[in-house]
Amino acid sequence: MTSSRFEQGLKKLSEIDGEAGHKVIDSLQDICPDLARYTIEYPFADIYSRPGLDLKSREIATVAALTALGNCQPQLKVHLQAALNVGCSADEIKEVILQMSVYAGFPAALNAMFAFKEVLQERGLL
Amino acid sequence: MTSSRFEQGLKKLSEIDGEAGHKVIDSLQDICPDLARYTIEYPFADIYSRPGLDLKSREIATVAALTALGNCQPQLKVHLQAALNVGCSADEIKEVILQMSVYAGFPAALNAMFAFKEVLQERGLL
Amino acid sequence: MTSSRFEQGLKKLSEIDGEAGHKVIDSLQDICPDLARYTIEYPFADIYSRPGLDLKSREIATVAALTALGNCQPQLKVHLQAALNVGCSADEIKEVILQMSVYAGFPAALNAMFAFKEVLQERGLL
Amino acid sequence: MTSSRFEQGLKKLSEIDGEAGHKVIDSLQDICPDLARYTIEYPFADIYSRPGLDLKSREIATVAALTALGNCQPQLKVHLQAALNVGCSADEIKEVILQMSVYAGFPAALNAMFAFKEVLQERGLL
Amino acid sequence: MTSSRFEQGLKKLSEIDGEAGHKVIDSLQDICPDLARYTIEYPFADIYSRPGLDLKSREIATVAALTALGNCQPQLKVHLQAALNVGCSADEIKEVILQMSVYAGFPAALNAMFAFKEVLQERGLL
Amino acid sequence: MTSSRFEQGLKKLSEIDGEAGHKVIDSLQDICPDLARYTIEYPFADIYSRPGLDLKSREIATVAALTALGNCQPQLKVHLQAALNVGCSADEIKEVILQMSVYAGFPAALNAMFAFKEVLQERGLL
C-alpha cells in the first residue's frame, strides 16, 4: 500500500509539476531518498489526489501561499510552472500574485512577479 | 475619483465580506479612519474588483495565504466567511486548509481548521 | 497498510503527546477527520517513529522550531508537555527556549517561556 | 561589570518601557530569572543605551518590526506604550503602522492598529 | 485623479528610491505594468507622501521591518539606499540593524548588515 | 569582564563553528565590529556556554529553528557544519530536517536538505 501511495503520488507529481518536480526528487536521491518518498506520498498521493478540489484551484492556493511566505523561491517557481501546467492562464497567475500584495505586502508580490517573469522567459512566453 | 474608488471598494467589500468586513471598517473610525479608507480602496477597489480572476478563486488564494502566514487569525476568519459568501463550499475550503499542511506545516493547517470550525458554528452549520 | 500506519501513529502520539494529543485529534472529528488521520499518519507514524533520532532530541527540535516560528502557541504548549513526557528536564527545555532568543529574537523566547510557565503550572510543578 | 550592565539596562528599561517592562521582568522571576537578566542586559544595556540613535527613532524601528512580524502582540503593546513614553506622538505611531501595510500587508497593519487602540484606551487617550 | 496619484507617487519614488526604484518599476513593464502602477500609487502616493512623519523616520521604519522579515533582500537593499538618500547617516542605519537582533534574532541582523555592506561598497563608501 | 565574556565567547565560537564562524566575524570588521562583538558575547558566551544543555542538543535546536524559519540560509549552513563539529551524525541531522516538514512544511525541509547536501559535499562526505 505504501508502494501504491508512492506510485499514485509519482503519477500526480508528473501530472502537476512535470520535469521540474522529477528534478527535485532526483536531486534528493543521494542525500535523503526518504524525503523524496515522503514528498511524493504525502503532498502528491494524499493531498493533491483528493477529489474535493480541482487542480487549478489547488495551484492557485499553492502559488498564493508560497508568494505570501516569501522564503521558498525554488518551490514557488516549480508551482508557477505547475499552475500553467494544470490550466491557469498567465493572467490568472498574475492576479493571484497581485492580490498577495494585500496580505503579505508589496515585496512579497514583487519577488513572486519577478519569479514568474523568469518562468515565462524559460518557457519562451515572454 | 478617489471617492469613486472608495465607493467601488465599499460595494465590493459588502459583496465579499458582508457584515464582518463592515465591522472591521467601523472599528477603525475612532483610531485611524485613513486605514479604513485605504483598506477599502486598495484591496477592494483596486484588487478584488479586477476582472481577471473570479471571486471564488480569489478567496481560495486569500484563505491559503492567511492559513500559511498563521499570524492573522481575525483576518483569516473574515475570509473563511468570505469564501463561503462568494460560493466556495465548506468542503472546498477544508481542502485548501488541508493542502497548507504541505507548505506551512501541520500547526498552520490545524489552527486554520479550528478557525473554520468556529466560523461554521457561528453560521449554525456545525 | 494505511490502517497500520494509523495504528502505529496513534501509539506514537499516545507515547509523546498523551492526553493533549488525543484532545487535538478528537476536536477534529466533526470538522475534518481526514486532517486528524493525516496528523497521526505523517508526523507520528512516518516521522516520529523513525529510529534515527531519540524522542528527547526530537522534542528539543520541535520546541525550538515552534518557539522560533512564534505563531502556533497551542502546538507549542502540546510539545512543551511532550518534551517533559519523553524525558527532557524542565531546565533543558528552558535552555532551548533561551537559545531561541539568539535565532528568533527576545519576543519569541519570552512568549515561549510564558507558555512553558503555564504548562508547569498546569502540571503543578510551579 | 555584568552587574553594571544589569543596572544600566534596568535604568534604560525604566526609562523606555516603564511599568509594563518591569511587569514582564517580574513575571519571569519564578520561571527563568536568567531570561529576565539577559533581556535587561542585551537589549537595554547593550543596544538601547548606545548613543548613535535617539530613543524616538529606536521605538519607531521597534514598532515597525513588531508590526511587520505580526506574531508578538504582547511585546508590540509594550513598545507602543514605550513609543509614547519616549516622545512619539500618537499620530506618528499611526503613520508607522499604516506604512507597514506596504511591507507586511493589511492584516499586519490592522492588527497593530487595533493593539494601539487598546493602548490608547488603557491610557485614557481614546 | 488616479493619474495624479500616479504622478505624485512617481515624484515621491524618485525622491526616496532614486534610480534603484525606477529600475524596479521598469523591470515590471513587460510582465505586469499594473503592479508597477500600484507600487507607485499606494506606497508612494498614498503612504510616503503623507505629512505626519518625516522621510527619515519612514526609512528607519522600513529598514527595521525588512530586516526583521528577512525574506525580501532586494527591497531591503533598495531601502538601505533610500535611507541614505533621505538623510540617515550610515551609523544610524547600522544602529537600526543592530537593534533588530533583539526582535528578530542575530541571523536577521547579520544578513541585513551584509546587505548594507554591499550598499556602501556600491556607493564607494566602504 | 566584558572582555572576559568576549574571550569566553570566542573560544566557544571556535569550538562550535570553527573556521566558518570566524569568517563571519572577520567579515563584519569593516562594517560593524560591534555586531561581531555582540555575536560573540551574547550567543556564544552567554548562551552556548551555559551548562544546562549539551552542545549536540543545542545544535539540534538551532538546526531545527533555522530550517523552520527558512530565511537565513547562510546561518543554517554554518550550523549544519557546527552540528557535525559537535558530534551529531549526518543521519541525525537529516532526521531533524525531515521532522521540520511537519512543523514548517515541505519547502522548508527541502531547502534545508539541499543546504546540507552542499555542506556534506564541501566536506567531501558526499
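Order as written gives the chain letters A, B, C, D, E and F; numbering starts at 1 within each chain.
Please note the rule applied: contacts are C-beta pairs under 8 Å (C-beta built on N, C-alpha and C of every residue); 3 or more make two chains touch, one makes a residue touch a chain.
Chain-to-protein mapping (UniProt): A, B, C, D, E, F = Carboxymuconolactone decarboxylase family protein.
It should be emphasised that the depicted structure is a prediction, and the values quoted were computed from it without experimental measurement.
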A correct list of chains touching both chain B and chain D reads A, C, E, F
At minimum, the number of touching-chain hops separating chain C from chain F is 1
Across the interface between the identical copies chain D and chain E, with over half of residue numbers shared counting as same and under half as different, the residues used are same
Most remote chain w.r.t. Chain A, using mean C-alpha positions, is D
Dup interface of B-D (contact pairs over half shared, numbering-based), picked from C-D, A-C or C-F, is C-D
Whole-angstrom distance, CA centroid of chain E to CA centroid of chain F, is 30
Chain A to chain D, mean C-alpha position gap in Å, rounds to 39
Listed in rising order, chain D residues that touch 2 or more other chains are 38, 42-43, 66, 68-72, 75, 94, 98, 101-108
Contact graph of the chains (line, ring, star, complete, other): complete
Given the complex, residues on chain F that touch chain A span 69-71, 94, 97-98, 101, 105-111, 113-114, 116-117, 120, 126
Chain D residues touching chain E in their complex are 42-43, 47-48, 50, 52-53, 57-58, 60-69, 72, 75, 91-92, 94-96, 98-104
Within the complex, chain F is touched by chain D residues 1-2, 5, 38, 42, 46
In the complex, the residues of chain B that touch chain F are 68, 101-108
Per the touch rule above, chain B residues touching chain D in the complex are 24, 27-28, 30-32, 34-35, 38-39, 42-43, 66, 69-72, 74-75
